[in-house]
């Protein structure tokens, strides 16, 4: 699973992109954030308040209950501020 | 009184601009159209259907009951179609 | 700013001049009206735009002032052409600049809607069937009427 | 058409290319977003726009397609820049062309409203106090929400 971080999530985690293999118990976005938070440090900080975290799976906006699996590209970012 | 005609009112009357001296009984725009219509010919035709005639006095849109007097610039034209 | 002119205008240059050095502008909304190739179901060869010199400028300045009263605008521009125009040619440019985009959109839309019913221009359309004065559209009256009430609910003429 | 690019764009040239030879266009509505000099009450030195390559293009293409489904549009254009930008610089251009002006206005407004809440861009603002990620505005969410129901009253995400 490819995981990408943008804006302050990238800064807090210190990672812009990684290949990760979460355990089989991680089946949705919420589960993934929990697993990442469990790493502690900047990851715990980045995923501390999920109300300001948005996710995309395979480049589509999704909710926290959206399924994730091994081949997916998952991105985490704050609410968008373009335009 | 200066009277100006635009678009098909100019074409029907055959006049683009004239200096006119209507009688003192002409006190408003409606009265003026009646007097002009009384000239017959193209003028009668131009002012036959007042629902498609608009007026300005001193370069301001006005209603048919607006006063007119000797020193005014009065214009007659169809509903506008710019833009 | 108001301009009534026979010649064409350069949209990019006009918009760049509109913003100028004003760093308080967050959004510019522009509308460009073009001559369509069809007029009342018939192919249009050309049109002639007649106007009322003097009153035109007054009417446009009043519409611009009304827009500036209703919305917090940094800059406004109305350019309207007259004379002979062919399909594809630019007729009018309205541009409004504001800190906020919604003010720019609404005021630009307001100006073109009011211009369509209040600025003294008349189109003579030349088709294969001859020359005809364009009819005012009911939809233009309805579009202008949307803006008849100001923020305080006061009826405006 | 969608373009995501670091470099500036020429509004006049883009709008001329948008209309091209399409004589069915009666009106073009354009919105240009500019970098304002103030950010959260402090003078802005510059901003850096980060985006999600790949997803950005998909998101913009989907917004454009949605606009074309909702309004009878002849042409559409979205150009969005990324990278470092200074006050006064252009960020985004949205332009829509239609036979009718109201379709052009509404669709252009719709595209920028949806872009503001759906396109994956993030602004890092540099002021005298340091660099801060811009907060999403509630007003942008409200602006986007105005368009959540389509003509058939179907709820859209």
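Here the chain labels run A, B, C and D in written order, and each chain numbers its own residues starting at 1.
One rule holds in what follows: a residue touches a chain if its C-beta (ideal position, glycine included) is under 8 Å from a C-beta of that chain, and two chains touch if they have at least 3 such contacts.
Note that the coordinates shown come from a computational prediction; the quantities given were computed from them, not determined experimentally.
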{"item": "Length of the shortest touching-chain route, subunit A through to subunit C", "value": "2"}
{"item": "Lowest number of touching-chain links that must be crossed from subunit B to subunit C", "value": "1"}
{"item": "Longest centre-to-centre distance from subunit C, chain (CA-based)", "value": "A"}
{"item": "Geometric centre distance via CA averages, subunit D-subunit B, whole Å", "value": "48"}
{"item": "Interchain centroid distance [CA atoms averaged], subunit A/subunit D, Å", "value": "26"}
{"item": "Chain centre separation (subunit A, subunit B; CA means) in Å", "value": "73"}
{"item": "Two or more partner chains touched - positions in subunit C", "value": "33, 112"}
{"item": "Interface hub residues of subunit B, defined as touching at least two other chains", "value": "none"}
{"item": "Every chain pair meeting the contact rule", "value": "A-D, B-C, C-D"}
{"item": "For the subunit A and subunit D complex, residues of the former touching the latter", "value": "4, 6-8, 56, 59-61, 75, 77-83"}
{"item": "Complex contact set, residues of subunit D against subunit C", "value": "10-13, 15-16, 19, 21, 23-34, 36-38, 87-88, 99, 101-102, 104-105, 108-109, 112, 143"}
{"item": "Complex contacts: residues of subunit C adjacent to subunit B", "value": "33, 49-52, 54-55, 58-59, 80, 91-92, 112, 115-124, 133-137, 140"}
